[in-house]
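Labels run A, B and C following the written order; every chain starts at residue 1.
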């Protein structure tokens, strides 16, 4: 039971890191609170629904599609909304309200086109591409992937696939931030926006890219949401936003890599409470969020990582 | 005539009289009641956000706690409704006291923590484990105190008190010092202002207002579920109404409620998702083009807006 | 001012750390009523930190700050204001959306001045802000905001006034004017500590200077004497010569 909860916690935790990382990137670079973050997760889930119903292929193909589409959407939205917002007296505060408005718009449009019913995808559809490849290469019977065995316990394959994809996405974010020129500039903007501006860095271009990547990552996380949470409705976004905040703050607001740690800690706590104290599990994200903010406002990793 | 008296005579008194008389001539009492509730909540947001700069994104926490404070007094102790409303206000204050550490956080951190706090209170109240106290997720039914007319009157009284407090803030050194703290807390402390005390007072006043509003709301509707009285819509509507009119004024939130809640009721009930769309676009337009609210149209021209 | 008059403020061996960095490392000095004391030193020598610690913005990590025989180290800023301490800021931070008049009224109402403070009108006239009295502070230029910051401090009737680079950015006429104002304030018995980079200005208005380096004092006395002390010259020029 304990081992099951721990492993499931880590798997969920890696996925939670992916859920939060885009939000953190946007806040870190722009000091903007994207309250519509969860709605982009929800839209990512709808991309997965679309792939399954229209093309009838493995929802895993929705991952690159969702990322590219929302990267472009993000860049476009950045130019429409953010420069004007940054010109106001109190952008950080007003961003909360602006993006709340955006989340309402997204939720309304999704409801208009798809109704309010819950949608889910049969979990055996995810990862069929792997079994197909396996059949092609090694022969054998085509069939759904069974549970994956870790430490002698069986876990649903989608959990493992989601955790693996998340790990890959976080690694790519790391490569972007620390191994590319754009990433170096992004980190410069994160640490001192005003000085970056003064040294002639094109802050808007860097921020637009970060905003696009942030939304793209949210949408990728959304692709897996139907498998991790069972089903998704247009109203799913609001809860996802608060959960993302808990994860992000836990890791350290403004430090995207801290989110990986925050996600895992959150995931393990979540599974532990779920296993041993299930009636209070709903309270966890909120209480955790408040305590972390009050006791260690800089998050578990604090500033040291950012300086190093 | 001092300006505070002018504000009381020409704004507070007419508004209170209008809402006292309207039920006699207008049939939809629920709508009138909701108007009064939102006038209270928008001014409550005005007190904390307009005068101190803290954005209470989980403002509904106080409202819901007040509603449950009322319900528990009536269910468990069979107290008269008026006493239960007062207790509702005190429950709001108690929750405010519990949350005072949040005031150490600034900007977005405060707003998010406050949102989380309101959701934590919701999940606490709605927990099936507390069914014997709060009835958990199954909601409460308070048939014993059901009296919409008295509840409406109580709401108007709470609105009047709230407005009087805002008039005081607008015309007193206390209100001026609060705004100084909002603008720059370090400079304010070097002007001799006890920054922490000022913030706590404004925070608790704002919590009291929402707690009282929650109490009269529970009295009026008498049957409700946790999701009703902790609905995030209360926070958001109150914030948007206050912002739309313009905070740190007496008139701004009033104009905001009357205009936006009016529009809401014209288009809101028939097609909620279209309404949500228009509302979302309106909020975005507000932030991008009129961040200081409608009153800024006048103040930009150098007119003074009370 | 006689040299043996009792100091209003006594700073002894004050330490202030930020992480592992010692911004103040055993700073000691005193100032007496009616005296203008200059705090000089290279960038990062701890001048502004000293002002911030004395005015209650930071609590000291060690040592003692005594005013009128009472230890005031770590006391909250507003309480220090009520005891007669006030300051200006290097980058002035007036209450931007409030009018100039309201800015002053806040300090008059909450400063709890021991003696009757001057009226708003008198302060506005004396410090040349009467014309902009009803404009929001955000409309003022940088120099006007600095003056407003000073007036905000004066409205609380301080007996110890800390001026952090008040003169930076002023033109020569404004400099002469503000120098006279500061001297006049000292003559009313206010003890004034001035942090400034303009040596001419320091020379002109101070009675005595403390030269700081690496968080502690390395010289105390007249500026004219200080500039002949090898250690002081080393501190001011050493870094550049070495580079």
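In this text, a contact is a pair of C-beta atoms (placed from the backbone, for glycine too) under 8 Å apart; a residue touches a chain by one contact, two chains touch by 3 or more.
Given the structure is predicted, the values throughout are model-derived calculations rather than measurements.
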Need the central chain here, defined by C-alpha centroid distance to the all-chain C-alpha centroid. B
So the chain most remote from subunit B by C-alpha centre is C
Between subunit B and subunit C, tell me the centre distance in angstrom, where each centre is the average of that chain's C-alpha atoms. 43
Subunit A to subunit C, mean C-alpha position gap in Å, rounds to 50
Measuring from the mean C-alpha position of subunit A to the mean C-alpha position of subunit B, what distance in angstrom results? 33
Which bits of subunit A are touching subunit B when the two form their complex? 27, 31, 33, 81, 84-85, 88-90, 92-98, 100-109, 111-112, 238, 242, 245-246, 249, 253, 279-280, 282-283, 285-287, 289-290, 293-294, 297
Could you list, by residue number, the parts of subunit B that touch subunit A in their complex? 53, 55, 57, 101-102, 104-105, 107-109, 111-113, 115-117, 119-120, 123-124, 127-129, 232, 236, 239-240, 243, 273-277, 279-284, 286-288, 291-292
In the complex, the residues of subunit C that touch subunit B are 55-57, 76-78, 81-82, 86-87, 89, 93-98, 102-103, 105-107, 109-112, 149, 152-153, 155-156
Please give the residue numbers of subunit B that touch subunit C in the complex, ascending. 173, 176-177, 179-180, 183-184, 186-195, 248
